[in-house]
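Each chain gets a letter, A, B and C, in the order it is written, and its residues are counted from 1.
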Amino acid sequence: MKYAIEMRNVSKRFTTAAGTEVVAVDNVTLEILDGEFFSLLGPSGCGKTTSLRMIAGFELPTAGEIYIHGKPMDATPPNKRPVNTVFQNYALFPHMTIGQNVAFGLEMERLPRAEITRRVGEALELVRLSGYENRKPHQLSGGQQQRVALARALVKRPEVLLLDEPLGALDLKLRKEMQLELKKLQREVGITFVYVTHDQEEALTMSDRIAVMNGGRVLQVGTAAEIYERPVNRFVADFIGETNFLKGTVVMATDEPDRYLVRLEGGAMLMASCEHPLQPGQQVVVAIRPEKMHLNGSRRFGPYADNHVHIPGRVQEIVYIGTDTHYDVALEAGPIVRVREQNSGVFSPRLALLGEAVSVSFDAAVARILVD
Amino acid sequence: MAAEFVSTGSRRRGFWLMLPSLLWMLGLLIIPLGLVLVVSFGRRDTDGNVIYTFTLDNYLRLIGFSRTYPCGSTPPPCFDPLYLTILWRSIVLGLQTTLLTILIGYPLAYFIARAPASRRNVYLFLVLVPLWTNFVIRLYAWIIILRTQGVLNTVLGWLAGLVNLPFQPLEMLYTPGAVLLGMVYEFLPFMILPIYTSLEKINPSLYEAAADLGANTWRTLWRVIIPLSMPGIVAGTILVFVPVMGTFIVSDILGGRQVILVGNLIQRQFLDARDPAFGSAASIILMVLTLAITLYYTRRFGFGEEITSA
Amino acid sequence: MKHRRPFWLYLIVVLVYIFLYAPILVLIIYSFNASRVNVRFEGIVNIEPCGPFYWFCQLSRNHEVINAARNSLIIASISTLGSTVIGTMAALALQRYEFPLKRFSEGALYIPIVIPELVMGIGILVLFTTVFRAINTALDLQGNARLGMGLGTVIVSHIAFSIPFVALVVRARLHGFDRAIEEAARDLGATEWITFWRITLPNIAPGVLAGALLAFTLSLDDFVITFFTTGPGATTLPIYVYGLLRRTITPEVNALSTIWILLVFLLLVVIQRVQGQQR
């Protein structure tokens, strides 16, 4: 079977206490491949958690179908689905020891005692918590509790592991460690991971593919690079990483497919690509990542030097953050853009002074035309 | 996010879970109260049985207008404020008890709430212990203390002897004062617990903030602490006032036959006087009175979760 | 957080505690009284074979007391069991489900708290007498077969006034309950039934236990409702003591009270310890 999980036109509507209807998930179609690390990424309330809960069986779709390894789930209760969940706040059973927590799922399968003991031991070893069997959850640190939740779900050998913001409650340093650990674990066990997060960096770091969601809809599905480099709309570009948006007007389509000539506010012209068909005169937004912009021609452009754009402006703010220096430049046409220069040299001098008139330049090939 | 656990037929399940309680409340609370209401419009026959009819005589008699019973030597119809006096006395006693329990209970609740966390449970425990010893037994203890040759008079006599004062034992038992004392004693913990619960919730930094803003202890208490503990006082008032209004053994035991409250009146109609119709009317009046006062009070100040803590 | 509390506050606190405990101390001391009429304390009783515990020995030979104690325990145990199960079910229903008559049910549960117990007692008395009379007449029952007040009526009534308290206490506990752990159990393969017994119940157990304890003490302590629903052979300890108070009081009553107080105290200490260990 090719897909671990398929969602076909799935919608979920709730009726609130006030009687109004809320669409939490709106006609979502997703295909998650077997063995991949798949993330559902979006701001809170975008429907990602509801989607995960529908896969787990805690909620039933109002419309549409969910298949797990090709089998339609319909109203299958959570205990009969071949998936397991790692909960946001771990949801460890507070009245049971760590060993009992991990053993619970196996007891439900009525496995022989000896096998349960062996597998619980293996699972705890996998998450490096051997010897903690007799502790109670509240005696463990947040990171340890997190790993118990992981062991408890993995010990069931599920076909798919669902993770609902599993690192949300951890501090930054621990979160970074756990990200790598989770990724490594996923490669070792080879199980499909469906990972819900609102942290774009986390999603980029760990995922094979990401679905960006907003307002109950899936906006874009792709690898980290695809989503970062080729966002399909303004929301995705804005939500993933930092982006400068420049307003412009379509002048004409070029001979090349999907490439258009655009006039930016302030008069600069550039050629950039867009998957949507555009009409001359149409208002568009051009998105350029800060690290792809440069000051005063600080970077030499390659063979397409003729296609680079220079826009005059004035430095408003300089922030040194170690690896990079940010320059916020107010363009003459009005908008403020951020330029990120890497401090890669032994001694990285400032490229401009505060208030200095500069020119911001970029290769038009890195710009994306977005319609909305 | 509305996280509703999926379970089919959850409406039906909720109803089934509730059903036993509903049946119990219906059978032993709502139907009985309805019956009392029906009986209150009835009449007694010469054997003390209820004749079901519709007459307001029982209610009229309660507010003084007797149509079938003589008032002392005056033949009916006549006016006799006896029952009004009893009702009034009960309300006054209820209010006095409530006020006294607040005055005595508040400082203790405050003290416990401000004590170090490790000691609070012990102090609370000490308030609870008398509550769990039997109600009737506690009243009996007060007989031993209050009677003419009792503990209190002995102690007072001994003290008077120390300073060579003549001492005449005080008549304390079987007085209205004894009944009030008994009521306060029996219901004090019900005032302390909810007040403590609401005081304990107050963030300690509020005391510091008030002091920081220049308020002295009294002003802090008056302007900050008491308003914040109002839910506790309301809950305590309900927990004290309602049972005081309906208690008949305290007056029975500590008041002898001297202090008759509405509770005693009702009890006698069902046992000695054998006039259930009149007793039912008095019960309805008592219930309406307490409900009205409780409702007014909760509407006015809100109904805190404090009431559950006791 | 050092706050100097004023001297007068300590004074009031000490006086209130003395007020709370003086009667209890007096009761205990008088259970060793040498005087039979028990009006004055005339020294410690010392009659062989029990010495100072004479009144306790007398008590143990008193069948009425033993019967009353047994009745109290039977009534309290059965009504606690009943009201705990029913009250917990109600708490679950009210906290977790929407269903017809929900508002009404919630209101009905508050009634016993806001109306005087006396009114409820009168109501139950009127109900039982009316119903029993109707049945006895209709079926023409005679002698022992006639329905009347007794242990059964007392137990049923005690369950009625305990249910709301159990429901309130359990509901408070359910309020802070993290339902994710129930979902986790379902996710790990447990059915709803197993989830309830293995996850939900153990976690609300302290609340259920507290509710049961409350029901037990309310039942043991109850005078008013019992007074109106009891019948021949169903005398409880409070009713028995009340009866004694209207006759002569011997130090036996004090001995009974002393035992009662000690038992309650021990029970409470044990509970506190158990709860302390759970934390």
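To be clear about the criterion, contacts are C-beta pairs under 8 Å (C-beta built on N, C-alpha and C of every residue); 3 or more make two chains touch, one makes a residue touch a chain.
If you're wondering where the values come from, they're calculated on a predicted model, not measured in any experiment.
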Task: Chains touching both subunit A and subunit B - done: C
Open item on the list: Farthest chain from subunit B, going by the mean of C-alpha atoms per chain?
Closed with: A
Task: Closest chain to global C-alpha mean, per-chain Cα centroids - done: C
Open item on the list: From the mean C-alpha coordinate of subunit A to that of subunit C, what's the distance rounded to whole Å?
Closed with: 58
Open item on the list: Could you work out how far the Cα centre of subunit B sits from that of subunit C, in whole Å?
Closed with: 18
- [ ] Spell out, as numbers or ranges, the residues of subunit B touching 2 or more other chains.
- [x] 3, 5
- [ ] Two or more other chains in contact with one residue: find those residues in subunit C.
- [x] 183
TODO: Would you please write down the residue numbers of subunit A that are in contact with two or more other chains?
DONE: 57-58, 77
Open item on the list: Could you list, by residue number, the parts of subunit A that touch subunit C in their complex?
Closed with: 56-58, 77-79, 83-85, 87-89, 91-95, 104-105, 108-109, 152-153, 156
- [ ] In the complex, go through subunit C and note every residue touching subunit A.
- [x] 178, 180-181, 183-191, 194, 198-199, 202-203
Open item on the list: Show me the residue ranges of subunit B that touch subunit C in the complex, using the header's touch definition.
Closed with: 3, 5, 7, 10-15, 17-18, 20-22, 24-33, 35-36, 39, 104-105, 107-108, 110-111, 114, 121, 125-130, 132-145, 147, 149-151, 154, 185, 188-189, 204, 207, 217, 238, 242-243, 245-249, 253, 263, 266-267, 270, 276, 279-280, 283, 286-287, 290-291, 294, 305, 307-308
Task: Of subunit C, residues touching subunit B in the complex - done: 1, 3, 5-6, 9-10, 12-13, 16-17, 19-24, 26-27, 30, 38-41, 86-87, 89-90, 92-94, 96-102, 105, 108-109, 111-120, 122-127, 130, 156-157, 159-160, 163, 167-169, 172, 179, 182-183, 192, 217, 220-221, 223-224, 228, 237-238, 241-242, 245, 249, 253, 256-257, 260-261, 264-265, 268, 272
